[in-house]
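Input: a single structure, listed below in structure tokens.
Order of writing sets the labels: A, B and C. Residues in every chain begin at 1.
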Amino acid sequence: MSVLNSKIPAGPLADKWKNHKNSIRLVNPANKRSIDVIVVGTGLAGASAAASLAEMGYKVKAFCFQDSPRRAHSIAAQGGINAAKNYRNDGDSVHRLFYDTIKGGDYRSREANVHRLAEVSVNIIDQCVAQGVPFAREYGGLLDNRSFGGVQVSRTFYAKGQTGQQLLLGAYSALSRQVSAGQVKMYHRHEMLDVVMVDGKARGIIARNLVTGELERHSAHAVLLCTGGYGNVFFLSTNAMGSNVTATWKAHRKGAYFANPCFTQIHPTCIPVSGDYQSKLTLMSESLRNDGRIWVPQKQNDQRRPVDIPEEERDYYLERRYPAFGNLVPRDVASRAAKERCDAGYGVGQSKMAVYLDYASAIQRYGTLEANKMGESQPSVQRITELGTQVVASKYGNLFEMYAKITGDNPYETPMRIYPAVHYTMGGLWVDYNLMSNLPGLFVLGEANFSDHGANRLGASALMQGLADGYFVVPYTLGDYLADDIQTGNISTQHPAFDEAEGAVQEQISRIMNIKGSKSVDFFHKALGKIMWDKCGMARSEEGLKQAISEIQALRTEFYAQVRVPGSASEMNPELEKAIRVADFLELGELMCYDALNRNESCGGHFREEYQTEDGEALRDDTDFAYVAAWEYGQGNSPILHKEDLNFENVKPSTRSYK
Amino acid sequence: MSGKTKTGLIKSSIGKKVFMGLTGLFLCLFLAGHLAGNLQLLLPAEVARDQFNAYAKFMTTNPAVKLLSYLTYFSILFHAVDGLYLAWQNKQARPQAYYKKDDAANAGWASRNMAVLGTLLLVFIVIHMKSFWYEMHFGNVPVYASIEHGELKDLYTLTTTAFTEWWYVLIYVLSMGAVGFHLWHGFGSGFKSLGISHPVYTPLLNGFGKGFAVVVSVLFAILPVYLFLTSLN
Amino acid sequence: MRLNLKIWRQKGPKANGKMVDYTLNEVNPEMSFLEMMDVLNQQLVDEGDEPVAFDHDCREGICGMCSMFINGRAHGPMTGTTTCQLHMRHFNDGDTIVIEPWRASAFPVIKDLMVDRSAFDRVIQAGGYISVNTGSAPDANSLPIPKQNADMAFDAATCIGCGACVATCKNASAMLFVGAKVSQLSLLPQGQPEREERAIRMVEQMDKEGFGNCTNTGACEVECPKGISIENIARLNREYLRAKVVQK
């Protein structure tokens, strides 16, 4: 075990980033022209980084596996993006955003990183508005805000339920501008299958052209992985079907440390699973908890229709357990509370694995307000419902529509059924303050790194982090690293390291193609997902995790004996793409279990059944586990743990209480 | 964005559409005028003959009208050539047709058949101009001396005679159907192509366009039928 | 329920394709259309055949990747719905469903139901952006924008770039796609400096890609899964004309 150097600058917290920016090295414009940078992934982090670096003069090559950079799954983020603008005058500040994020993350993130994130949050909003992102506005023409889970101020900027889409299209437009300027060469339908290390530095990648199946070598002076999270290890998640861990996992196999892999976020408000054929889960924005009330019947196995259950026979369990935050407790808390009720037999719907998210009282409340505004003195119940429905539709219309499309139910009339689902992964490749992994020249941005959210991410913070990393952090810190490379010149793709990496990729593809077994890739992915969800999901135990590890090992063996990938490797072959990704998930899943097993405490999204208080709240252990668990890839299922101690100099870790 | 672009308006897809709209809407004006003139045919024969022929003389000799008529010829030709070229381009844009396409699900019949309707109208215009315009200008239309207007070419008799043939009437009636459908979509579409749209006025304009299409085509169609029926007596 | 499928199969970009018949016996009405396709592909893999290649990613109606022409309509029979959000409860037992790729010369088929929509990217690269470098933006609230304009810009900006407008248009025209982007940026004060240049460049690129011409049939508006208004096409015409007139 070694000590990891996080390279956090000295000085007072609030000055660290400023001082660091002033002291790091720069690359002059003429030299930037002779430096290549590879950016893998074109979501918020990747597109913003590629665009910003290209604007500065670097020659950028950007890669995405989708048919266009605009498809990256950042696009699906609904609710909003946080920024400490304090436009509401409600007491928000950079410090408060910093504090909320540290606390929300259950004291498992780096103070310096989180503070920097809060600082640059304000620049992000400015940047996006200048790009033409149409955020919601008030009648006066100024930006509107709403509140989100885990905080008591309104600091979330939004564009209806499509904030991620608008921000991504903003970054995509900046990227497109650089493509047309010739500063970025865009490679779409390309999947990175390995990182190439030349003399100890990340100097390129091997990518597969998904249309032709050809393997390509691309060299650069630095490689940025902006490839998102690994939630699809659970098969069912709110991630896109193509979201995968392959890029970061290949880097991990080349020596990059994987930090806190067990920190996964289970989002409380998703549409429940309806059958075996289910391919993905759909999130209902957390913003719905602003106005919706969550409940289950007080009676177990209550068969009545929800509207027939009288008020006094309902259990608004979040309001009961957490009176201060009520339905707006952080995600991890809300998810566990839903699981607790369902496990105890109070669940609703056919599967009994769902709770109600009810808008009836919000409709009544808004309807009454609206009637008052319109001067209607004695409105009928019908009139109130009509007016209230209009207000709710204007706020959440697209989400309600989506719910109706998927379930066939009308959420204006009957409560929505929701259940937690895998949504985000706080863990990721370990990076230092400069967002560089322990492999020199390999930078990791956005959800792909582990850095800012600790053990639980607050709502509307993922967009903030992705854009902060890409627009405002890496453009500075990358220069510091590249300052050594101004004389290096082109990196040749004929270097033996490229031969070796390409050979290994070729070999893996051949191996998978030649198994010609009898089971589909999805069979293995689903089996892995079930193991992960049951044993490394919302609640984990030592016994379950140990079982999971041996089950995953057996599944992996079966995969390499039984998987069937039709077609050939020299053409567009979606089954092959999936197989390569699932092969990596089968290794990652095991590491997640090791990590969860190692962390003998409950914190944030990581809940170990052995470590809970009497009333079922998470029991954190700051004495023994206030560290980042960074795992080095170990041959033969023996990952090696490295620790980075977390020092809290500005906030004192306390038990999170939302009561 | 840097560097200027200097493509001519007409080379662009939008430019071509703008000219379609301009010429089309101008031809709508022309139709209104033409219709007003033709309605004189509904007058009692004894009045109509002189009045209509005098009107025809005015229309063929007045310099201002002449100018307008050149503009009309140009518009018709341009509208036809441009329209056919656009239709050809549109064909190129989808070389492989769908196995199954439910066109009626999302667009009106008229809007989907503008090129066919337009081609029919072009054929009609050729027939129509041969029968009357050509005869009037270059043919041997008998000349007679009217009391009020002096010497007049007897276009009236030419016209009324022409519509004694049932098949000729039928061609006209069907063609006016094509005019109606063409205008049903074309009127509103022309304004859109010119970039004119407004949340309140556009729906009104579209409604007017549809009314215009019906009124113009029906009134035009009534004339040959009327003349045919009167010829039976 | 039991379904008969007629699906376009095409091995590669240059290969000849044809419609192939398949039968699925156990389709659950709660499935999404793409989950039904997953079941078909599972069946094909089990039988040793090659699964049907189709584009899809987020499966929640926002990434714009799914792109099937179902029973003669882009994204199938429901309006305001992408293929991934279309559910089998809208079909009946015994139905025959015809599934084809988007058809347009600007969207060449890659394989089976997959098409290449990079023409859209090139149109955006031609000018679908505001030239602002990172770090040079003024405070976000320094420039108030009338809510009405902001809302209209937002409505135009919800385009997911799926290509349904092109696929359904009888002329394979991309005017709704281009109109939406030009509208969004021309409605915002930030978009003004490049307003003319943008309209001209984007239209030029659109024409270069081989999309057809708009004949205002309105089909695009009906089939757009995000309900983007054809009003944006009129605005594009206006912006383009205006640009041609004022451009120096």
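Note that a residue touches a chain if its C-beta (ideal position, glycine included) is under 8 Å from a C-beta of that chain, and two chains touch if they have at least 3 such contacts.
The shown structure was predicted, so the numbers you read here are calculated from the model rather than taken from an experiment.
A.B. asks: Taking the mean of all protein CA atoms as the centre, name the chain whose own CA mean is closest to it.
C.D. replies: Closest to the centre of all protein C-alpha atoms: chain C.
A.B. asks: Farthest from chain A by Cα centre, which chain is it? Let me know.
C.D. replies: Relative to chain A, the chain whose C-alpha centre sits farthest away is B.
A.B. asks: Roughly how many whole angstrom separate the Cα centroids of chain A and chain B?
C.D. replies: 62
A.B. asks: Quick one: chain B and chain C, Cα centre-to-centre, how many Å?
C.D. replies: 37
A.B. asks: Measure off the straight-line distance from the CA centroid of chain A to the CA centroid of chain C, and report it in whole Å.
C.D. replies: Roughly 26 Å, centre to centre.
A.B. asks: For chain C, write out the residues touching at least two other chains, lowest number first.
C.D. replies: Residues 131 of chain C touch two or more partner chains.
A.B. asks: In chain A, what residues contact two or more other chains?
C.D. replies: Not one residue of chain A touches more than one other chain, so the list is empty.
A.B. asks: For chain B, give me the residues that contact two or more of the other chains.
C.D. replies: Chain B, residues with two or more chain partners: not present.
A.B. asks: So in the complex, the part of chain C that touches chain B is made up of which residues?
C.D. replies: It is residues 6, 8, 19, 69, 71-73, 77, 98, 100, 103-106, 127, 131, 168, 170-173, 194, 197-198, 200-201, 203-204, 206-207, 210-219, 222-223, 230-231, 233-242, 244, 247 of chain C that touch chain B.
A.B. asks: Where on chain B is chain C touching in the complex?
C.D. replies: Within the complex, chain B contacts chain C at residues 1, 4-5, 7, 9, 12-18, 86, 89-90, 92-103, 105-108, 111-112, 114, 185, 188-189, 192-197, 199, 202.
A.B. asks: Per the contact definition, I'd like the list of chain C residues that touch chain A in the complex.
C.D. replies: Chain C residues touching chain A: 11-13, 28, 30-32, 34-35, 38-39, 42, 44-46, 48-51, 53, 55-65, 78, 80-81, 85, 87, 89, 110-111, 114, 116-118, 120-121, 124-126, 128-141, 143-147, 150-151, 153-154, 157-158, 160-161, 184-185, 188, 190-191.
A.B. asks: Can you list the residues on chain A that touch chain C in the complex?
C.D. replies: Residues 48, 51-52, 55, 66-73, 75-76, 85, 87, 123, 125-143, 159-160, 162, 164-166, 169, 172-174, 176-177, 179-180, 186, 188, 211, 238, 240-242, 274-275, 277-280, 282-283, 401-402, 405-406, 408, 471-472, 475, 520, 522, 564, 566-567, 571-572, 574-575 of chain A touch chain C in their complex.
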